[in-house]
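As written, the chains take the letters A, B and C, and residue 1 is the first residue of each chain.
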Amino acid sequence: MSTDQLSHLLAMSATIAFAVTGVLALADRRVDLFSIVVLGVITAIGGGTIRDLILDVPVFWSNDLSYVRFAVLASILTFIAQSFFAHPNVYKLMLYIDGLGVAMFGVGGAVKALELGFGWPIGPLILGVITAIGGGLMRDVLSGRKTLLMSNEVYAVPVALGILTTLVSVHFFPDFKSEAILAGTIIAFGLRSCAIYWSWHLPAWFTSTPR
Amino acid sequence: MSTDQLSHLLAMSATIAFAVTGVLALADRRVDLFSIVVLGVITAIGGGTIRDLILDVPVFWSNDLSYVRFAVLASILTFIAQSFFAHPNVYKLMLYIDGLGVAMFGVGGAVKALELGFGWPIGPLILGVITAIGGGLMRDVLSGRKTLLMSNEVYAVPVALGILTTLVSVHFFPDFKSEAILAGTIIAFGLRSCAIYWSWHLPAWFTSTPR
Amino acid sequence: MSTDQLSHLLAMSATIAFAVTGVLALADRRVDLFSIVVLGVITAIGGGTIRDLILDVPVFWSNDLSYVRFAVLASILTFIAQSFFAHPNVYKLMLYIDGLGVAMFGVGGAVKALELGFGWPIGPLILGVITAIGGGLMRDVLSGRKTLLMSNEVYAVPVALGILTTLVSVHFFPDFKSEAILAGTIIAFGLRSCAIYWSWHLPAWFTSTPR
């Protein structure tokens, strides 16, 4: 299997995991199949769409519809086999794949912004974070859930740290881009995996005290 | 009256109906006139705006401000004459015109995406649905209402089926585009009209059971 | 100090004030530092970003990252020194600077749209209002707060009136653009200041009665 094939396989796995976790996040409310598909697809491709609009490049799914197709299929499948995907072990597996997807999409989005000349490091960092969590935010807003920004889950911070790792590495060692991307993805995914495994929450000093 | 004039008249009627139903959806809460106009205009032109951003073409109301003007006027009028528009018969009429607008804008949005080369059929389908319901979703989110994605109203499914009809017809009979557009619009509007008339709701098997 | 320097200083002060008031608006709930920064930055640059997407020009912060940098720093500082910024006098000062920012960004956004040929007066008016309040709306939606469109605060109406003043003045006296911008900004900021000072609320006749 070539690197390109591997990268495509991983992107598709991540898209599917995004859609599956996106649909499972709605399992506590009554939603029809059509809305399930809409929200699953938005979770999967929403963040990258906002990034591409801001970068003023064609949205990534306009050229390769397999992202949308897999998101639609995964959403329908999750709807039908909800009890399977909601099984603790399967759900946990999906959380890890989702974490890998967030890591890959976040770092990938940041690198895309960097290559298009967005000011280092804060422009690519913002667009990477948008790529990673934008779709989930849209799903939460449209379905009336509390967004992940208002929870104390360790979800966005790992990907932000991973993106920063990649951006700093690329800046100082421009010849080792692939290694920088790999390092950032590993850090983002590794931290998120620890957070899932040990049920980490953000520490109290990192959180404001409501008045 | 030429076809162009008819089509323009219908688009303006639909814009007005979008704004009126958009404002009436807020009748259960205290909203000032300024916010009414903002939310009425967003309901009327929001969906098409998102579609044009994703298609990377100039937003449709930048060339022809009559859309915005009619939306503003209709919002103000609805605010002033709320008791008139809230009258059951007038409101029902507005629901039907709104249904016609959703059908026309949805099918029209999908065809616009198809002509710009978005991958058949799922690209145009997504953009058509966005055109049809995007403005209403934005209004609901901004005003704190449950979005239509979380209701079991038969609102988005008819327009999705109408759009699919048009897309499939255009694909297999490219010489009969006008007929395909007409057929899709009739199916979308017809199904939505049945849903309004008989108070259809989405069936239980089509809807997830909350855990 | 040249006019350019003054204008840049004012824009940066406004960006900081946006971020500070944006973060303080979240003081009644538990939010972690990462989300604080995300929401502060969105409050500060979100409205202008939507405007630039609709105008189809590069987003304003892609060329000059100081907007983002100041928004990040101000958000972090507000998180750390929340009790200082929440002090009534400091908070009041921030409200006035925020009002100045809304006035400047609103009028500036409208003029940018006018120069790019968006139909006078309603195109630039809409884009000016989006520039002024879009970021705050996004913050409210993402953090689950009631948006300002649903409050009876005198916040958006002053900036709309100021923008209208500028647009009408530029239309009839095209040679006095700077004066028109100044007049509109003063009207928007003056009215908002009165609203803050005397705790104005929108009058009852301006507001719908819920059924």
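The rule we apply is simple: a residue touches a chain if its C-beta (ideal position, glycine included) is under 8 Å from a C-beta of that chain, and two chains touch if they have at least 3 such contacts.
Nothing here was measured: the structure is a model prediction, and the numbers come from that model.
Undergrad: Since chain A and chain B are copies that touch, is their contact same (over half of the numbers shared) or different (under half)?
TA: different
Undergrad: What rotation angle takes the CA atoms of chain B onto those of chain C? Round to the nearest 5 degrees.
TA: Value: 120 degrees, nearest 5.
Undergrad: Averaging only over C-alpha atoms, locate the centres of chain A and chain B and give their separation in whole Å.
TA: The computed centroid separation for chain A versus chain B comes out at 30 Å.
Undergrad: Counting only residues that touch at least two other chains, what does the list for chain C look like?
TA: Only 53, 56, 141 qualify.
Undergrad: Spell out the residues on chain B that touch chain C in their complex, using ranges where they run on.
TA: Residues 26-36, 38-39, 41, 49, 53, 56, 58-59, 61-63, 65, 68-69, 72, 79, 82, 86, 141-144 of chain B touch chain C in their complex.
Undergrad: Looking at the complex, which residues from chain A come into contact with chain C?
TA: 53-54, 56, 118-119, 122-123, 126, 129, 137, 141, 146-147, 149-150, 152, 156-157, 160, 202, 206-211
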